[in-house]
Amino acid sequence: MPDLTTTLGRLRLANPIILASGTVGYGREYASLIDYSTVGAIVTKTITREARAGNAPPRLKETPGGLLNAIGLENVGVDRFLSEKLREAATVPSALIASVAGGSVDEYAELTRAVASREEIDAIELNISCPNVERARRPVWDDPEAVGTIVRAARNATEKTLLLKLSPNTADIVSVAEAGEEAGADALVVANTLTGMRIDVEARKPSLGNATGGLSGRALLPVNLANVWKITGAVSIPIVGSGGIADPDDALEYILAGAAAVQVGTALFADPGAPGRIAAGLADYMQRHDIESIEECTGLARKEKEREWQRTTAG
Amino acid sequence: MPDLTTTLGRLRLANPIILASGTVGYGREYASLIDYSTVGAIVTKTITREARAGNAPPRLKETPGGLLNAIGLENVGVDRFLSEKLREAATVPSALIASVAGGSVDEYAELTRAVASREEIDAIELNISCPNVERARRPVWDDPEAVGTIVRAARNATEKTLLLKLSPNTADIVSVAEAGEEAGADALVVANTLTGMRIDVEARKPSLGNATGGLSGRALLPVNLANVWKITGAVSIPIVGSGGIADPDDALEYILAGAAAVQVGTALFADPGAPGRIAAGLADYMQRHDIESIEECTGLARKEKEREWQRTTAG
Amino acid sequence: MSIDPKNCLFTLEVDRRFPKPLPGQFVQVASSTELTLRRPFSVAGASRPGEIELLVELRGKGTRSFAETHEGATVSILGPMGNTFSEPSTGEIAVLVAGGIGVAGLRYLAQELSEEGRRLIILVGARTREALLLGNLLPSATEDGRIRLEFSTDDGSAGHWGTVCELLDSELEALEADRIASPRLYCCGPPAMIREAAAIASAREIPCEVLLEEIMACGTGACRGCVVMTKHGYRTVCSDGPVFDAAELVFEEAPNA
Amino acid sequence: MSIDPKNCLFTLEVDRRFPKPLPGQFVQVASSTELTLRRPFSVAGASRPGEIELLVELRGKGTRSFAETHEGATVSILGPMGNTFSEPSTGEIAVLVAGGIGVAGLRYLAQELSEEGRRLIILVGARTREALLLGNLLPSATEDGRIRLEFSTDDGSAGHWGTVCELLDSELEALEADRIASPRLYCCGPPAMIREAAAIASAREIPCEVLLEEIMACGTGACRGCVVMTKHGYRTVCSDGPVFDAAELVFEEAPNA
């Protein structure tokens, strides 16, 4: 059996497959449908300081190859999360990553401290990239300095593994990735959803109650894969690929591009067995290609291309 | 018969359907397949000063709901365009828009002057957004000032209709749109392709010779539609929607979001009859809803939502 | 099985591990690998063990590709999911109000209540006479009046000419006069019908449960995608519902109101 | 019609306006509305008016959904597109070299040359004996030796044990000794085979045409998506090809060379 273990900061995962924030709730909801032994970790729905009611429905709209969502970070707030939901989440045998989003730098620090203080939580994911709540012209996720400040504050609040989840809605994700690494993030999640929308032409209004939402699913894969590819050359902390992963080959593409682990979200909706299928497919690929550890796969395509570029430049 | 005519700057189009740059060559190639009477205008493949050989193959890769291309602006250069290709392009009965891309502000001005001087050309589209040739960290299309400078230079070079084609690969397309309007663009094309890639896991290398390419087709639609939606409120020049339009409803979504015209590209590959189908579908919709002119449809969904927002704020 | 060009009745053989569904519960069907989401359908019958029935109106891609599934094919379903209706108490008469394909959400309930020997009034509203074909899938009216079945059509081509809520109102009026039993309402249908039925129930202070529809992703309560507004805030149709007490729901302002 | 689990022969009735294709030309097939691109296939036969044949190897989504098309269905095709092969002159003997599904690209040419009474040597290479089923679709060898058909397999299960290019080399050797006629090569098959055949032709100074494959979008020369490198720069397979003079092609450095 090939070795699927992988490492993010201080966190050792039995398996490089992580379930993405917002798509599995607190894990418990899917207990009867997902085989968690094939899942390295789950990320909670993003937690904010105050409870949030979320956006007006409709909150979902299927698009060709994708899904738009505008949940609006509905969550019970950090206090009820810690007092109620965490117990549920802790029943899931996979590692537990808490996703947090603050309204200010201090809130990020405070939330990080609060969730990191609980031993059930193995790592913290900083969500700076939710497209459904941001309103400013230049969003935080596009501003390397602002991101650096948030990460530094969170870094000071915990020694646990700190993941930074980037947004693809930017012209220069590499600079943001570098700022995150520089400020002390242990790993980068690349990346969240793209802003998108659809309109109901008969009703003449947006299909989503919030007008715009985040595009996830297969349609997103090429974009986030290119982002992983670009970032791989620039940082040395591990990358977690996310966006449209539904099959073993999708996960492999991210890994060959440079990811040490992957997140699966939208694919769970059509197939809660996706994590198991992907884990089996990775093992099969490794066996066929005589690869012992999944960590050897990370960045293989990128390294090969770099050699080629060198040959061309040299020749 | 409902009125499908629409106006972009000084250019009056018989029909709001424009064929997108790079997907119809110079129009002539498709002469036996496309019914140009259903096409308001065609945009030429982007023309550069020097001839460009383009990228190494493979240049195309199909993805779920989309298409990646990395043509690399292969074109014969402006001189041969004017001496050879223009004659071919002029045989197409639709209006003719020349797409140009310069390597510097001066080149944009020079190219604009050169193509605008020919009476066969009705309008000029400034392509600042090709993801397959740009290498800088902060690309031009993400920099409102740089875009403003290019547009001003081109504006000074012609009085013909000047379209500015934006890129979706940015966090703040609205500021770029505003800079374009401010600098004298007559219309905005919203927008080009998203950067994306795929990897061949057996060969362990990118599917495209150029590694990354531009994602077009249905997968792109939600993203560019959201961009039109965002820009509609901010500028007063007409918007041309582009990205994934394959059916009448797709075109209508862009128009209801705020577009005065639309571009169809990738959809031609599967169905050269798409422009005709879309034109017929628009006419049918207008008849069903008792709308006389397509111009009345522009922005209807956006205006309705703004009224709703006002009600909510007032109430 | 196709009932008419717009509606199909499917019989699915299910795994032995598949629990017996309760009326009101639904299943999530993966009808095409091209689609990102499964499609939820009410269990419209489960009288024979090892089998469930779904009654599906063809609306878009998901339902159409489901309808194209050829006999004997294997389809992936998840479920049964969601909550169920309250049972009518002994003194109560169940009044089922279905609008169009809403029949699908109430058919299994009607069958169960009918088998239990309950008193039932079933009101079915539809656009035209053709749509009444759906009515044939419901328990038949009995001669002793224990089960009654009434129709309304928008175009008057069968039954009462008007909405099913008008029919409901006059039925309730009659029941009130008769004082035979207190009614309990069960409704499923388009949003406008649900809203009107809820208003009628509220005005008459009658208990009323409604089966709601919302676009769903997870179907388990995890994604918070399928919410409706209630007096206690947003609730998910998939795990808090799909059956809600009408009195708990907060209806949006009607458009253009 | 399925030939074996990996390959299908399709017969398409075409419109009267559809021009008679030339050998080497292809059509663009829309095999599924879920796909962004059409799929190009060589015309593998057009002997009967109003009909064309396509010989398709099942590789991915497009070919598989094409194979699932049931008899009698309507499929949208564009074409015929692309250029054609040069005719062999009277003194020339046509040597057709097909690797695997490359048979599809040369079958119609073989049929036409055979009907014209030309001398023909057809060499078919495949992985195993099964793949030789494709050979059955080609004109049969004649007793007078005018048409000859030779096979090679990678595993030696039929014909020559080795590559089709080895077979080609020895055939050319024999022809050279015989001095009966000068050969003209026509090749279609996987890239490595094309490259080797081109090298053989170049070494022996024999005219050689190859039918190339590239992923296509427009099929008309408009999008510049399907290029191959030639001595005159990039050329499109769809409109400058798909048939190229092997001497004009510039082959990439072999990987890991």
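The letters A, B, C and D name the chains in turn, as written, and every chain counts its residues from 1.
Keep this in mind: a contact is a pair of C-beta atoms (placed from the backbone, for glycine too) under 8 Å apart; a residue touches a chain by one contact, two chains touch by 3 or more.
Since the model is a prediction, treat every value here as computed from it, not as a measurement.
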Field: Other chains in touch with both subunit A and subunit C
entry: none
Statement: Moving step by step through touching chains, the smallest count that connects subunit B to subunit C is 2
Statement: At the largest C-alpha centroid distance from subunit D we find chain C
Message: Roughly how far is subunit C from subunit D, centre to centre by C-alpha average, rounded to an integer in Å?
response: 58
Message: Between subunit A and subunit D, what distance separates the C-alpha centroids? Give it in angstrom.
response: 47
Message: Quick check: how many Å separate the C-alpha centres of subunit B and subunit D?
response: 38
Message: Suppose each chain is reduced to the average of its Cα coordinates; what separation in Å results between subunit A and subunit B?
response: 32
Message: Two or more other chains touching the same residue: where does that happen in subunit D?
response: none
Task: Name the residues of subunit B that each touch 2 or more other chains.
output: 63, 65-66, 218
Task: Draw the chains as points, connect those that touch, then say whether the picture is a line, ring, star, complete or other.
output: line
Query: Which chain pairs here would you call touching?
result: A-B, A-C, B-D
- request: Can you check the complex and tell me which residues of subunit A touch subunit C?
  value: 22-26, 29-30, 33, 45, 53-54, 56-63, 65-67, 69, 71, 74, 217-218, 266, 268-272
- prompt: Contact residues on subunit C for subunit A in the complex?
  reply: 30, 33, 35-38, 76, 78, 214-229, 233-234, 239
- prompt: Okay, in this complex, where on subunit B does subunit A touch?
  reply: 63-66, 68, 137-139, 141-142, 167, 169-172, 174-175, 194-199, 201, 204-206, 211-212, 215, 218-223, 225-226, 229-230, 244, 249, 252-253, 256-257, 285, 300-301, 304-305
